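Structures follow.
Note that chain A is present in both complexes that follow, paired respectively with chain B and with chain C.
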Partner chain A sequence: MTKKIGDQAGKMFEYFGSFLRKGIFSVLSVGPVPDHIAFIMDGNRRYAKKRNLLDGAGHRCGYLALMNMLKYCYELGVKYVTIYAFSIDNFRRRPEEVQSTMQLILEKIEDLIKEESMVNQYGVRIYFLGSLKLLSKPVRLAAERAMVATSGNSKSVLSICLAYTSSDEILHAVQECCEEKWDEGSALESKGAGNGLVFLKGNKNGKTKPSIVVKDLEKHMYAAVTPDPDIIIRTSGETRLSNFLLWQSANCLLYAPAILWPEIGLWHLVWAVLDFQRNFSYLKEKTKLS
Partner chain B sequence: MTKKIGDQAGKMFEYFGSFLRKGIFSVLSVGPVPDHIAFIMDGNRRYAKKRNLLDGAGHRCGYLALMNMLKYCYELGVKYVTIYAFSIDNFRRRPEEVQSTMQLILEKIEDLIKEESMVNQYGVRIYFLGSLKLLSKPVRLAAERAMVATSGNSKSVLSICLAYTSSDEILHAVQECCEEKWDEGSALESKGAGNGLVFLKGNKNGKTKPSIVVKDLEKHMYAAVTPDPDIIIRTSGETRLSNFLLWQSANCLLYAPAILWPEIGLWHLVWAVLDFQRNFSYLKEKTKLS
Partner chain C sequence: MVIDSEEAQELSKVFELLQWVADIGVKSVCLYDPEGVLKKNKEPITQRFSSANLSEEAAVNGRLVTRRNLTLEFVSFEDGKEAVAKAANYLFVKHYANGTKEKSDFTEPQMAEALGAIGSGGAEPDLLLIYGPTRCHLGFPAWRLRYTEIVHMGPLKSMSYGSLVKAIFKYTMVHQNYVTSSCGTSMMRKIDLTDAASIVCILLRMFFFDCRTKVKRYLLACMSN
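What follows is the complex of A and B.
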């Protein structure tokens, strides 16, 4: 009996919360809504320490906070969400910590692609961005499975940066650009059109020189599957980007609330969107110029 | 008589200010002092509007604030200061505004290299970072003169980002890398060592591929003359990097006081340094890892 009343009360609270949220979002939607919000989910370990939780419990609470935040974003109409799940530098943490985080990531990827998950509920296509070759085989295969399984979803996008740093992304783009130009050159060479160096344009001292432009680089960034973020939210009050989306954040708002990631809630999102709306005309002008 | 008393009072205030500053700096210096602080000097035009000043007067007040800030930094022992003077995007402002800003920059470069200037007083070497070819000839020549005139100074460094954006810097580094590798290849080819493609390493499907690593890119960044910044201070309360030192700011603190640039003072610097000291061990660990 008590359980039944408890369940009913829980459902009522959930219904009331959802009703309140819809009201807030319809007011917010009168102004411009960001296309893309990116999150640096900082403070999971500190949260576990603060609450005297077991190792790894902070990350599990962080995952729940993430699921709520994704729901809020997609309900508000934010099409693209990007999260910084695991940086290349994180591989240098204690081996047992890396392993338990990877185990959690593997488990959560599997959860995400289940039929009843919020990913399918909100029509979310998942991308994994980063040097996936650095991951263990099970995690890499799970990531690939998730990308294939959600490739038919088109309402929203969730990009998960895994084994990612921005400098690695830029370097990867440079490498791919050079390879592409070289392949183009080789193809023309095999048709007898030159010496395989037709990708080199321009002239200086009578020599041909390589030519790569911004668009070439951008095409090969991992994050090319989404537009640049409008807002980056980093918890823990830290105002560093920690090698996350550096190339893409030239004209992006950074919002750094002084809370740990598992403590993030609806109001932090509302505040960030209000700040975006306050700066909207200026940011739009900037983006148009660049 | 009144003027004489006024002068004496002014001198006393200056003396007292300098004394107070020395005291504060000696306390601060007990902790680690940042090597490199970078500034985004935002809010000069808004300052002029707020105070009903003539066009351009905001930038002149901003210059005075910069001279004070440089003095504070060098007195505290910060060896490298970088400022964002004019971005490539700024060229798209109204032509008369671009011209008057360039005129001010030209005038101030000339002031900087005068014998009695603070640049010579504090032994500051000046670098200009950016696509200097985009500048008008008089400004470019003045910038080059300043770099030559101060090349003997070695106590401190002032890097002035002029006609600069970070994406342009990265692209420039990519281009230079490719050119360098190509030149290396050509040199070997002329010695009969191959087909000019020795710069291409690695193997995929039996084809040689180009190889560029992070160090190659970093060597060719405009900002390679200094270490990465420890703190970026951006006035106007804005937390965007606006395409400034993106590559170099992966593990850098961003401090964004809600004041316009000409209003910046000693206390903002003290606050930023205290924040740096509070985060020092964490930042050091990060830098070591990356």
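What follows is the complex of A and C.
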């Protein structure tokens, strides 16, 4: 009986919270709403230490905070969300910690693709960005299953950066461009159309012009599936990007609240969006110029 | 330093900022603005630092200038994405276009070498100060921004010596949670005796600069009375 009352009270609280959020978001929506927000979820281990929790518990609390933030973003109308889940640099941590994090990632990927999950509720398509070949087979297969399972969703996009760094992304794009140009050149050579110089395009003056341009590189970036982010939020007050979306963040607002990731809440998102709205015309002008 | 291109036209402010930075003891400054205003004004900026000696590298790419112990580098938007595209072409010509395809993947040192070969190399800054209306790096070369601490200092017109010192002081307190990067540079920072001595010098300079300003104002007030 007490449990029933407790459940009903919980539901009422949830409805009231949802109603309040709708009000706040409708006010925010009067101004420009960011299309794409990226999160660097920093501070899980410090949170666990601060609260005297067991190893790994900080990341689980961080997952709950992530689910809330995703809900708020999609309710606000943010179409694209990108999260920095695991960097290539993180493989250098203690093996037990890496193993425990990978286990949590595997568990949560399975949760995400369940029928009743938030992902299906909000029509979210999931992408995994990064050098997935560095992941263990179970995690890699789970990631591929999640991408296939959500490929029919089209309302919003969640990009999860796993085994990712910007420098690896740029190198990968350069490699892919070179392979593409090699294949094009080889095809021309085999048709007999080339003269050994097909790899460098010549212009009317006889000078060679570069065959790889910025657009080619951008086509091969892991993050080519989404537009450039409007805001990058890094928690725990750290002011560096740690090799995250460096190519894509040229005209992006960087927001670094001092709270740890599991402590992030609605008001931090609201504040970030207000800051974005305040600087919108400046950032839009800079985007046009570049 | 990233400076908004419109604000970078205020060269007197840029001179003052560089003077402060040189006085604090910084050895190398990379000046970036997206439209290349600072690059176009390299001559007046370098002439201001009258004992500037053009290094050999500057003769090649026109970017580097050394004054006493301060090296100035001038960078713009084209040294970012466009430079990576040029480096990609360099790597393609080196590893593919001779008719044979090399099977191994490109590495970060190879990329760094390619960027250096096309004249867009350079060290990764430890600290990036943004002078402009927004906390946004405005396209600073991505390859050089990986683990750089980014601090927004506000508009250039309202810059202050105290904020600059505070930003540098805060930087010295930062701890980064990873060991050797693939470039072979150790990125662990901790306070040691050298850092502690630098912090004390910075604080003393700040104290005396502040006292000097207050004494000047007091004397001016006395003279006007």
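Note that in this section the second predicted complex is superposed on the first by the 278 of 290 C-alpha atoms of A that agree within 3 Å, B and C clash if a C-alpha of one lies under 4 Å from a C-alpha of the other, contacts with A are read in each partner's own complex, and residues count from 1 in each chain.
To be clear about the criterion, contacts are C-beta pairs under 8 Å (C-beta built on N, C-alpha and C of every residue); 3 or more make two chains touch, one makes a residue touch a chain.
What you are looking at is a predicted structure, and each value in this text was computed from that prediction instead of being measured.
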Simultaneous placement of chain C and chain B on chain A, clash or fit: clash
First, second, both or neither for A:Val139, with chain B first and chain C second: neither
Partner chain(s) touched by A:Val81 [first = chain B, second = chain C, both, neither]: neither
Contacts of A:Val157 with chain B and chain C, given as first, second, both or neither: neither
Contact residues common to both interfaces of chain A (with chain B and with chain C): 89, 92, 165-167, 170-171, 174-175, 177-178, 182, 196, 200, 210-214, 217, 239-243, 246-247, 249-255, 286, 289-290
Residues of chain B defined as touching chain A within the complex: 89, 92, 165-167, 170-171, 174-175, 177-179, 182-183, 186, 195-197, 200, 207, 209-214, 217, 239-243, 246-247, 249-256, 286, 289-290
Chain C contact footprint on chain A (complex, rising order): 89, 92, 165-167, 170-171, 174-175, 177-178, 181-182, 185, 196, 199-200, 210-214, 216-217, 238-243, 246-247, 249-255, 279, 282-283, 286, 289-290
Chain A-touching residues of chain C, taken from the complex the two chains share: 34-35, 77, 80-82, 84-89, 91-93, 95-97, 99, 101, 105-108, 111, 133-139, 142-143, 145-152, 174, 176, 178-179, 181
